[in-house]
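Each of the next two complexes has subunit A plus one other chain: subunit B in the first, subunit C in the second.
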Partner chain A sequence: MISSLPVLPVIFPMITAAMILLFSEVKTRRLIASASSVVQVAITVMMMLAIQTHQILIMPMGGWAAPFGIMLTVDSLSAIMVLLTSIVSVAVIHYSITEKTEKQEHPLRLPLIFFCIAGITLSFVTGDLFNLFVAFEIMLIASYALLTLEIDRKEISHAYPYLAINIIGSALFLCAAGLTYSLFGSLNFADIAISSTLIMTDPRIVVIAVLFTLVFGMKAGFFPLYYWLPNSYPKLPAPVGALFAALLTKVGIYALLRIFGTMLPHQLWGVYSIILLLAIPTMILGAVGALERQSIREILSFNLISHIGIMMVAIGLFTQESIAALIYYIIHHVLVIASLFLLAGLIEARAGSGDLKKLGNIWKQSPILSFLFLIQALSLAGIPPLSGFWGKWMLISEALGIGAGVFVAIIVITSVLSLWSLLRIITTGFWTSSATTTTDSSNHIISKDMVAITLSLVLLSLLIGLSPNSVIKTARRTSQSLFNQFEYTKKVMEYRSIRTPHYHTPKIIESPIQISPEPIEIQEIEEHQG
Partner chain B sequence: MHTITAILVGLLFGCAIYLILQRSFIKLVFGFGLLTHAVNLFILSMSKSPLGKSAPIITPGNLVSVDPLPQALILTAIVIGFGVTAYMITLVYRILKDAHDQ
Partner chain C sequence: MKIKSLIVTATTKYIVILLNIVAIAIFLKGHNEPGGGFIAGTISAVSLIMLVIVYGINYTKALIKFNPIILAISGLLIAYGICITPLFFDLPFMFHTEWSPMVFDFGVYLVVVGVISKIIMMIEETK
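Here is the complex of A and B:
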């Protein structure tokens, strides 16, 4: 069971998606989706528990030996990310199936959400660069389809920048993978880590690192390539928007952590300073953009960008403590931004619009939603003792410790601007008594289930804010294991000489095509080439 | 050989980016097609010169063969490219249908 655990959270959503497509009855589809997302949480919790005892879970696909076969590798960071994915997806799916009356939901939405989750999860558990690319593509194709599935005819042009930038990003990713292969002769993270210690000062490593920063920066929303994000995410249906905002950008951040933490040598200070320099405009412009926008989800999207900037500072400093802060911050941010997008969706459904000029009196109409929104907004801005504070506090104290005071100042300014933009939603949208809001829009129903789902996400994020010690401890341990490249490579390379009994059964030997399970012969070929 | 490949990859990339920047969904489809070709050619050039090497079939006497991995990568990239192209053609069809219905 443990040995096949890494593949389960990937394969399970895929099977679910296929199964949902088989049934035409809405109730059956919803039942499958609901049950499957709950089982997914159970699987990922099991994975998290297995990580506590085994540190790294490895599954050689098809039984091929280490650097040649596909190795799904789950370490502590992957397990945290997969667990977060399953928590957000269970909320998003339940919100989606309780959201509308049965006629309105597009029949392809649920399967596509599951394919998207499969792609996201695969990108967290994969142990090599090429499967990371495949995972990105599964995730992106599903996200393209989700973006254009239910979008209004007049707004379809907003999908263009998203498509264009991701297509170019994928092409560059493939080029970067090709360059990595030609330099290191491998695509496996652990194998590259070993090879890269031999050619640590080679300038080509820097080229590859910069290319990966560009590729994953595009997906995460780094300056100057962020403008597609706030223009496309608010057009999505609320649950899909929450899924995208919480997870898709984090996949970019995770991939950068994996590339810089596990794969490449840890002394690329030039590249880290590029990320630090790009972080400044990302934070400032994200926060300023949020002040200028007029609808709730657009403001949230710009805030998302400014917080990506804060995460970039954590990557750029690249110390063990700053990465620990980043991991805590990711955990906080995924939960808070997902719940804020869901709350925004609820408020939009209640009021009929997300436009601040049209909103009004929300405080009186739905006090619970307004209160939850206020808490999560304060948490996002980083007010103690809510969860957003602790990650920022860890990062700021680390930055002060190593003398990067400029970034502390910018993080504080960003937080203030972020708080201002979020409070603007409360003051102009919730507290004003404009009578233009249509209160009796009968086609916009919000059910108690939707509120309960959102409430549980809010409670979870409150929990990690009010008792942060265990989460901070986990984040520190994860960061420590990420910095211990040797342990990771050693564990993967233990699979260098596996012989699965499968290849020695007479059935295989009798087959007309001679299958060679010996990786040594392939090595010989490479030697002859070189 | 490498110079020609490099120029060709650059040319394909340039045309593809030009098409994608046109802000038309049809041109996006063609731009994407060119882009995948550019990338595939780029990856192919990562496997060293194929001159004097046999196909990557492992037999006792055959030890000098081309590197099969870039080809496997290209094959996967082509399949993914098909998927994306199919999606984009559907999208263009939907946009055209919307325009007709109006």
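Here is the complex of A and C:
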């Protein structure tokens, strides 16, 4: 059972998606989706528990030996990311089920969400570059469809930048993977890690590192390439937007961690400083952009970018403690941003609009929603007892220890700006009473189930904020195992000499063409051809 | 769209049968050599396209009698099923015996036929 764990969270959503498509009755489809997402959480929790005892789980696909066979490799970092994915997806799927009546539901939304989850999960569990590419493609194709599925014809142009940048990104990814193969002769992370220690000073490694930074930076929303994000995410339906905001950008961050932590040697200081330099404008522009926008989810999208900038600082410093801070921060950010997007969706459903100018009096109409939004906004900005604080605290104390005071200052400024932009939603949207939509908004009734689903995400993020010790401990241990490249490569290379119990031994077929022993004949043939 | 030429309508039936025989041959050949489920599926789908072009969409629908999406999904489930079967015997995912790649290929064949015929039907119906 344990040996098959790495593949289960990938194949399970895929089978679910196909099963959902098979049934046309909406009730059956919803039952399958709901049950499957719960089982998925159970599988990933089991994986997390198995990681505690086994450290690294490996599944050789088809029984082929390492470096050439495909190894699905799950270490502590992958297990955390897969667990987060399943938690967010269970919330998103149940929200999506309760959001619409059976007639309104688009028949393709649930299967596409499951295919998207399968792609995201595969990118976390894969142990080689090629399957990372395949996983990105599964995820992106599902996300293109989700993006344009329920969008208005007028707003479909907002999908083009997303489409264009991701197609360019995928092409670059393929080039980078090809370059890696030409340099190392392998695409397996562990195998590359071994070969790259032999040619550590080769400038081509730097080229590869820069290319991968560009590719995954595009997906994550790094400074010059974030334009697509705040224009496309607010156009999505609320649950799909929550899924994208919480997970798709984190896949980019995860891939960078995998490339720099597991695959390449740890002394690429030039590349790390590029990431650090790009982090400054990402943080500042994201925070400033959030101040200027006028609807809840646009403000949240810009805040997402500025927080990606903070994560970039953690990658750029590249010490064991800063990566631990990053892992804690990812856990916090996935839960908080997913719940904020769902809350924004609820508020929009309640008030009929997400525009700050039209909103008003939410505080009186739905005090629970407003209170939850306030808590999560404060948590995102990093106010002390809440979860956002601890990741920033770990990062800031580490940066001060190294002597990178500039970044501390910028992180603090970003946090203040993002707090300002989030409080602006609350002061102008929730507290003012002069609003136009207040009278007719009683028509928009939201179901209690949706609130309950969102509430459970909020409680989970409160839990990791109020008792952060165990999560910080897990993050530190994960960071330690990520820095221990030797252990990872050793575990994968144990599969170098597996003997596959084939049911048949390959026969050596005698060639029907008799090759003449005399070389003279061959010369004659060559002369004829000449 | 229908083609009225007598030569075309008379010969298409036989060509369709021939194409499907070729598809089966290529499907079986693909076990060890170039060929396999995808290519065989494409050839079978081409035969369906010929039926649609020559005899029209209604005739073809009456002839094939299956829902192409259901066909594609059952193909997908067959392919998934043969991939996860080894897990129940404590063998790695996608582990293969002498015959199991052929089952996988058959799944691929059904997916290709289903998807392409669905696309063709949609194009024809929106004309």
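The rule is short, and it goes like this: the second predicted complex is superposed on the first by the 493 of 530 C-alpha atoms of A that agree within 3 Å, B and C clash if a C-alpha of one lies under 4 Å from a C-alpha of the other, contacts with A are read in each partner's own complex, and residues count from 1 in each chain.
Keep this in mind: a contact is a pair of C-beta atoms (placed from the backbone, for glycine too) under 8 Å apart; a residue touches a chain by one contact, two chains touch by 3 or more.
Keep in mind the model is a prediction, meaning the values are calculated, not measured.
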Which of subunit B and subunit C A:393 touches, first, second, both or neither: neither
First, second, both or neither for A:227, with subunit B first and subunit C second: neither
Partner chain(s) touched by A:22 [first = subunit B, second = subunit C, both, neither]: second
Partner chain(s) touched by A:61 [first = subunit B, second = subunit C, both, neither]: second
Partner chain(s) touched by A:7 [first = subunit B, second = subunit C, both, neither]: second
Residue contacts on subunit A - larger count, subunit B or subunit C: B
Touching residues (chain side subunit B, partner subunit A) in the complex: 16-17, 20-21, 23, 25, 28, 31-32, 35-36, 38-39, 42-43, 46, 48, 53, 56, 58, 63-65, 67, 69-70, 73, 76-77, 80, 83-84, 87-88, 91, 94-95, 98
Subunit C contact footprint on subunit A (complex, rising order): 3-4, 7, 11, 14-15, 18-19, 21-22, 59-63, 72, 500, 503-504
Of subunit C, residues touching subunit A in the complex: 69-70, 73-74, 76-77, 80, 83-84, 87, 90-98
Residue ranges of subunit A touching subunit B (in the complex, touch as defined): 130, 134, 137, 141, 144-145, 148, 153, 156-157, 160, 163-164, 167-168, 171, 174-175, 177-179, 181-182, 187, 514, 516, 521-522, 524-526, 528-529
